[in-house]
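What follows are several structures.
The following pair of complexes shares a single chain, subunit A, combined with subunit B in the former and subunit C in the latter.
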Partner chain A sequence: MSKTIILSLTLLFGVWACATTDLPSVQSMDGLQLLPDEQRLWNRSKEEQERLNTSSDIYDDPALSAYVNQVAQKLFPEDLHGQELSFQVYMIENPLLNAFAYPNGVLYIHTGILARMENEAQLATLLSHEMTHVTHRHAVENFRTVKNTTAFLATVQVAAIPFGAYGNIAGMLGTVGAMAAVSGYSRDLEREADIEGLARMAAAGYDPQEAPRLFEHLKQDVEEQDVKEPFFFGSHPRLQERITNYNEMLRARYAGASGAKNTEQFQQIVSPMLLDNARLDLAMGRFRPAERTLTRILEGEPQNAKAHYYLGEVCRQRAQADDREKAEAHYREAVECDPALPEPHRALGFVYYKRGQLDASAAELQKYLTLSPDAPDRAYIIQYMQQMKSD
Partner chain B sequence: MRNTAIILTLCIAGLWGCATWSGVGGPYTENSKNFRVDLPSGWHKYNRVRDALMITKDGLPLQQIKIVQISVDKELAHTKKKLSEKMLPHEAAELVVDNFRSNPNLLNQEILENSPAQVSNQNGFKIVCTYETKGGLPKKAAIYGLLDGNWYYEMIYEAPQRWYFHHDLPAFENVAQSFQLIKSAGQ
Partner chain C sequence: MKKLICVLIPFIITACASRINGGGGLYESSTHHFAVDIPAGWVQLNTDKYLMLSKEDPFLQYVLIQARPIDKPFKHTRKKLKPRMLPQEAAEIILDEISSDRNVVNFALVENIPVSLDGYDAFKVIFTYSTENSLNLKTIYYGLLSQERFYNIRYTAVEKYYFKRDIEAFEAILNSFKLHDAPAG
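And now, the complex of A and B:
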């Protein structure tokens, strides 16, 4: 008897756990009608977004924000116009390569992933992928699935673990955001977002051949940083699998297809953000991505003094092999490009200080204080200068 | 009867040794971490932490002073960068600030002060910062740091911004002023 009960319970649980959670997409519905649990997810999403949007983590660049939202509008399916669903994109000041969507159409993109893109077509790939999660109601499907299985526990644990060097995003997100940003979706839902997203960006006139490039950047980051966490598009094997899937889709459905890339306009608009993002990478000790971004800035603007200075900072802080010499060379380039920029003078001052060239050091540090009389580290500089005088 | 008494004594001694809290006040020496310090009277030491000296008066969430000794070879908790014995005080402070800004458990971090400070009669630094916990509680912290050879010493005081921080700040400043290395790398 007891065996029968156990078997029945196991079967029941199995059926429940595997119960299909497929929902019709918003486009296929006659007007958006939220289910009760979906409504709760939307309410929860709004609460989490309020907190997120008033935090200092939102990247404030009105021109970039307007541009990203314009691209999102181009991708907005016409059959959804006039419905209650709309899309709004925000940027989060975070160098990690991530993006996520709330079920109510609010999307968040890290500056890190924007900084790795090369053109508008790659941005469209990301946005259309995230928008598919929204239009196909993946959040509620995901929530039901994880609630039904032990994956729920894993999701909660993933959302709760400290992210260490991998950024502070998990700290400020609630359950819905963490599920989208950290845990991600099942393989099937991600595949659906890939297929539909690619169709959407191609239909909007973008070059579909650019789509796998975005995932190649992600894969490179995962390899470089030895990322083990299930972040955004997932682990290394899953990323490789998705690049392969994209290439297969391109061969099967978009062979010979092309479209807009809008590289120049994209580069021009993201350019001011690149430096900010490189500084964030540097703060986290992500030297390779910081160096790559700064080198990219200098390819477009060889006279960018700030980029030279931060490249010098990358070398100084990384402190490998011939980094000290490289750092000094970059600081000198920065001074040549813009003698009025204070920071390279301070940096050169400390290069000379450590080398025992005290007169040269004092001269550079004095220049720094003259150019930046309210420098936040003024007290340190004065202390070093007094020590040099007494030595 | 005699055996029972011995067992009872051992149990009490064992429990005493495992006590979560013990009262502190006055001179305190931590030989294994190479420092001595004067601790405020009426505070309590939290004994469940092995790698730091941690004290509080009213409970850890309300105010805490933590003193740690960290090897410079060790990666900091939230940034991949490492300290180095060749760093100048402001460079070490810069790294501590980067680590603070990269802490995933804190929101709206802000640096109010980053200045040179004497720690154990050596050139160190002081950082004052504010942040919010995940639960939305605004807190404030003061940090003194010192690099000495291959070791980094840090004294951290943190408390809710409202009332507690300023109330117990003088006690922390006294602790910081009294901090002395037992043996400096330069000696």
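And now, the complex of A and C:
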């Protein structure tokens, strides 16, 4: 796979001659006319998207998808209407904080970054940033620019190496996607996307003061997870630099400006996805983000039994200082909120089993089997119950 | 993870493993304290980290036996195994590790049960997944915790034809598996 990516990148770069790196934006063109190398990039993008869109990586939530695409339409610049360019947003089921755009207007957002947002204005910040990469033809500029620099080698390496806990993202996306999602763009192109994107979201009526908050969330994640791998939103210093840039832009151009945040509607629509994303975080052992998301769900829905159960699982698996007690408390809350939910009974059964309270353990495990007769771990439960009987 | 191993192993092996086209027989690892019988005709691909066996080609089928330190981090989950974990808890982490690997496509768990391996409590999981090229693979994965090591024995093969054809050989290897040290659990 790595060899394939290196070969693909080399071919992509190899067939391009040296060219300018300052292309006019799509808005300023009289009709969208793709340059030969740009056309090749679009063709490659479509191939990669076909593979991605039919994979199990796409998060399937029609309501959320419709909402995100509606926000994208609000940001769609009027002067682009009539051009042969449209935007389509897909979500990738992945707890890592990332988003990227293909040059043909297809955008992908990880559920992880959606889960960290607080309102629609922050979503608009992300989308308008990505849309600027498209309208300003950054992908082709990026490819041309890096071709003649040592960054080419670094880019190839970035696209080819496995990302440890962050998954082999390059392999999943293909060449063009990996360039956008993993390597990102040059500092100048990112700055242009920040400036134009901020203008676009403010013009669409969103509160520009929310823009730097999105990047603050990203910075917090990089710090918490001790992210060392190069990633789309860059390293810690680059994130800090961008937060500073945003704040400077707000002071210089948007002082006192405000607009819509649409917090309530946003929270309501993303709510079902939050639990799914927390479960992915938990599977990857990203306990802090999982805990934060689950706590947020419970702030809005204190009786959410599944959120209590998963929060109990975070505590049990993290196993720090008083986590054992916290886990038990959350399992109990889960049972209280929804006695028909099987998993908290199993979890309590194990708590009692390890504590030597065999009767209580057997009772909870039996409840679990009754509520979930086809449980995938049924054989373990029966074995534990038999052991308890014989003890 | 499995797919990655499947993809990379043939290249890695060429570079750094010793390859023995033996007539089978007893294999003993003094480093990792286990022994297995290798069926006649199976190629033994040996590194200091694992023992891999294949009848024709690891792309078609392989058996991998590994003894990894319990505290060694996984690639795709930050969770860690602990010495006194129940087999079910260890299986949960292994499944999280595999399902969190973005290269494992269409992962589906078929079975997850407690078993006894060489007389010790262990787990057995069976799962299927696909490669980028739509090749469907099936894996049987046994795991057991023993003191400071996590032993795992896996059989992966192309689901169509090869999995069924070579499962008897895998079972023979599995049944011959012996730990030299007495595990604490």
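Just so we're on the same page, the second predicted complex is superposed on the first by the 369 of 391 C-alpha atoms of A that agree within 3 Å, B and C clash if a C-alpha of one lies under 4 Å from a C-alpha of the other, contacts with A are read in each partner's own complex, and residues count from 1 in each chain.
Simple rule for what comes next: contacts are C-beta pairs under 8 Å (C-beta built on N, C-alpha and C of every residue); 3 or more make two chains touch, one makes a residue touch a chain.
Everything quoted here is computed from the prediction, not taken from an experiment.
Superposition of the two structures on subunit A leads subunit B and subunit C into a clash. In the superposition on chain A, contact is made by A:284 with both subunit B and subunit C. With both structures placed on the common chain, the touch criterion links A:91 to neither subunit B nor subunit C. Looking at the shared chain after the overlay, A:222 reaches neither subunit B nor subunit C. Counting contacts by the rule stated earlier, residues 55-57, 162, 164-165, 167-169, 171-172, 283-286, 317, 350, 376-377, 379-380, 383 of subunit A appear in both its interface with subunit B and its interface with subunit C. The part of subunit C that touches subunit A in the complex is made up of residues 4, 7, 74-80, 86-88, 96, 99-103, 105-107, 109, 111-114, 132.
Remark: subunit A residues 55-57, 162-172, 283-286, 317, 319, 350, 353-354, 376-377, 379-380, 383-384 touch subunit B in the complex. Interface of subunit B with subunit A (complex): residues 77-81, 84, 86, 88-91, 93, 98, 101-109, 114-116, 123, 125, 134. Subunit A meets subunit C in the complex at residues 1, 51, 55-57, 94, 162, 164-165, 167-169, 171-172, 280, 283-287, 317, 350, 376-377, 379-380, 383.
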